[in-house]
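Here the structure is laid out as structure tokens; the discussion comes afterwards.
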């Protein structure tokens, strides 16, 4: 089975930056299925912009390994989805190609940074999509748009071809309407790639099972505290109740390092970003730099013109956090905090199999509402810890508040995607029944 | 006022592929940007993967220099902007290099042995190459073929006391690296040096951009003189970075061109740590230059000077061992004193010399089938043929073709007598006791016979002829 | 606290152009963020090295390179197989 898929969606939510009107496909596990790919994942021959003007016109000469795997299993790559510029945002509003709207309520943000992928799935334009998650960028939009999104264990999915924002934190992961579809995509993309030196050879090969009898679910108090909308917390507690009804038990756990988590996360991700984003200078790719100027002047001019304010802010923040005289106070301390958080999770996972909490502290907020960086950063508080710890986490829809979706977040031990997938699947099936 | 010199040497390791990607390192004969891939071009999304061979070569050097390999080392990103730097950071090693605390033994200016301490060695990637286009519109052209070539940076303590010591250190280091087989000195730009030089008590100057080991002595000599002259005039030496202008043999201040750098090093999240200290014990080092030199003297009975020269390049030493067995001393004289000079004259590498043919030539010399002078002629013919890419004839065939076989005295009596006959004045001078006259006559005969006769034997024949009173 | 001149210095280090009228706003936002980061001052102890997969090596075996055409395909301007870049002299 092979052919081409015609794809001409009604993209009223601005979910896509690029669409492929005829997408070739072959036989395989995903034969002929339309899959949308976040625009920070390299696709040979298809423009890949990261939502930035500085990569406008960039046509990668190679496929990211996850894309190669999708194609090999027959998927039709139908387009590249909108995103916060370089993944730097939680709303998809920092995209240079305009914000994506939330299909549930187009006056609201879809979350981010994989907002385009979430919206494309939620709007029914594609059944499955790839996102990437650095501090919540798959789970946040999944929660806000009412779809399922999985951030894999760090090192389980190849990053080769994922345009780096914060290399030590991010993973490519699947988004879909059902846990089963998320699991299907995961079993295609989680394959060892020798080109990624941070990868483990731990392929995912699993069919979801709703049998979760005896599962111990940890409930961290920190995930239900200050800053979390009580109505969101209530929905999530109800959802955990459903899981209990299916044979799981709950245990209170604590992640004391949570108080550092967001600061540590932002120091580390901006530090790495300041280095990762430095290569965009208009010499080797992207809009041409003015070669008549001297190099610093030319770079500064093109980077000012082509990078958005949030990217410039984070690059500068990271530059500062690594600079002489400040690296000890910021970068080194953030690594120390990260280690504590990792240990907190390890300790908690001695007593429990999964940890459950809300994905986001609130439901999707109106477009244009959050302009202040700190209040924007605060929305990552519940998702970033899993990235710092390198553990898998899934967001599964668990009801609505004011008609807007709420996400239940389930985190697991390293390489135990199977367990959180089963728990999410059991919940999903339990609610359906 | 002592001169104090420390060096940072960048050596391109002779791996088949680049440090972090599979692109071939053999780029020198190819066009720009033909040995590139997404990784060494720094294309978005590409990731580095470390070349095992580069680590092994680093360990080999560490062991040869008697260094301590760190239990765990890692790679860091050195962040700066320059058009030849594809990712705007160089992957290098910072706080945790591969190995620290080594030594290299050299001779000081008085000929005594001295130790130069090695601070550290670490692996890093070479940037691309820039061509500066001048004229009305100035711009740069970038070739990323060199981007990602593995470099071993070797940093010394400030233990050298003169430009000559620095040169000797570099020669020794280069020889060691060649013996280890980790470095090909014939590749252009394969060894680059930054030098720190100061006059004791004054500020240190860093001289960058010395692209040949021969340039080091020149650059440092210029710089030492410049600094001493400043001090002599009562001025102070500024702490600064200077560039060596190879063509003009001078250093110029880089002031204004180099900003105060803040490289913002941090561990590269794309590369995990290296733990290889436990592999050092199993490494078999090849015989190193000092050991080989000592063995040559003991085994072949050759002089220190010959042994030092012959072991100065592993290929020359191998060559010597190939041709030595029949007559080691004769072979040493020919290899060290005659062959090297002929090679230098032709700018030829020892690698291009057919050792078997040289062995045949030495056999002819040893059997006194030809004279030394004829031997040199045969050697030149052979080298010229090799240099021109022609097949190298057997020396015996050249001797036959050119009629260079050693002439015994009897064959030449006629020529000798003819020469004596046509130089009556010289004969008279000789009879009057002027020794120089004999040499003159012998020289005339040598000329006539194109070196086929032994000069000493000829002297005897000439005297006999004259004394017999033939004329 | 960072000052406006700190912000200008950081922008310089990062080769991020910044216009004069952006500086006060960036400075204000920076300070708000840094205030939030103060919690890190309470983290005790040295951080251990990051860890990760040890000795992730690759064999020294050549793999095909991009063609020169593909290597240059995305560059803004090229000349005789070289990529054109701003001057550094």
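Things worth noting here:
As written, the chain order gives the labels A, B and C, with residue 1 at the start of each chain.
FYI, a contact is a pair of C-beta atoms (placed from the backbone, for glycine too) under 8 Å apart; a residue touches a chain by one contact, two chains touch by 3 or more.
Note that the coordinates shown come from a computational prediction; the quantities given were computed from them, not determined experimentally.
Nearest to the common centre of all protein CA atoms is the CA centroid of chain C. Farthest chain from chain C, judged by C-alpha centroids: B. Computed centre separation for the pair chain A/chain C is 21 angstrom, with centres defined by C-alpha atoms. Centre-to-centre separation between chain A and chain B, using Cα means, comes to 55 Å. Mean C-alpha positions place chain B and chain C at a centre distance of 40 Å.
Multi-chain contact residues of chain B, defined as those touching 2 or more other chains: 38, 41, 43, 49-50, 81-83, 139-140, 142, 262, 264, 269, 271-272.
Of all residues in chain C, those touching 2 or more other chains are 13, 15, 50, 52-53, 56, 58, 66, 74, 83-88, listed in ascending order. In chain A, the residues touching two or more other chains are 58, 61, 168, 194, 197-198, 274, 278, 281, 283-285, 291-292, 295-296, 299, 319, 323. Every residue of chain B that touches chain C in the complex is listed here, in rising order: 15-17, 21-24, 31-38, 41, 43, 49-55, 72, 74, 81-83, 96, 130-134, 138-144, 262, 264, 267, 269, 271-276. Chain A meets chain C in the complex at residues 57-59, 61, 155, 168, 194, 197-200, 259-260, 262-264, 266-267, 274, 278, 281-301, 303-305, 307, 312-313, 315-317, 319-320, 323, 329-330, 332-340, 372-374, 377. Residues of chain C that touch chain A in their complex: 2, 6-7, 10-19, 26, 29-30, 32-33, 36-48, 50, 52-53, 56, 58, 66, 70, 73-77, 83-88.
Of all the residues in chain C, the ones that touch chain B in their complex are 13, 15, 49-68, 71-72, 74, 79-89. Contacts from chain A toward chain B in the complex involve residues 40-42, 48, 50, 55, 58, 60-62, 64, 159-164, 166-168, 194-198, 271-272, 274-275, 278-281, 283-285, 291-292, 295-296, 299, 319, 322-324, 327, 331.
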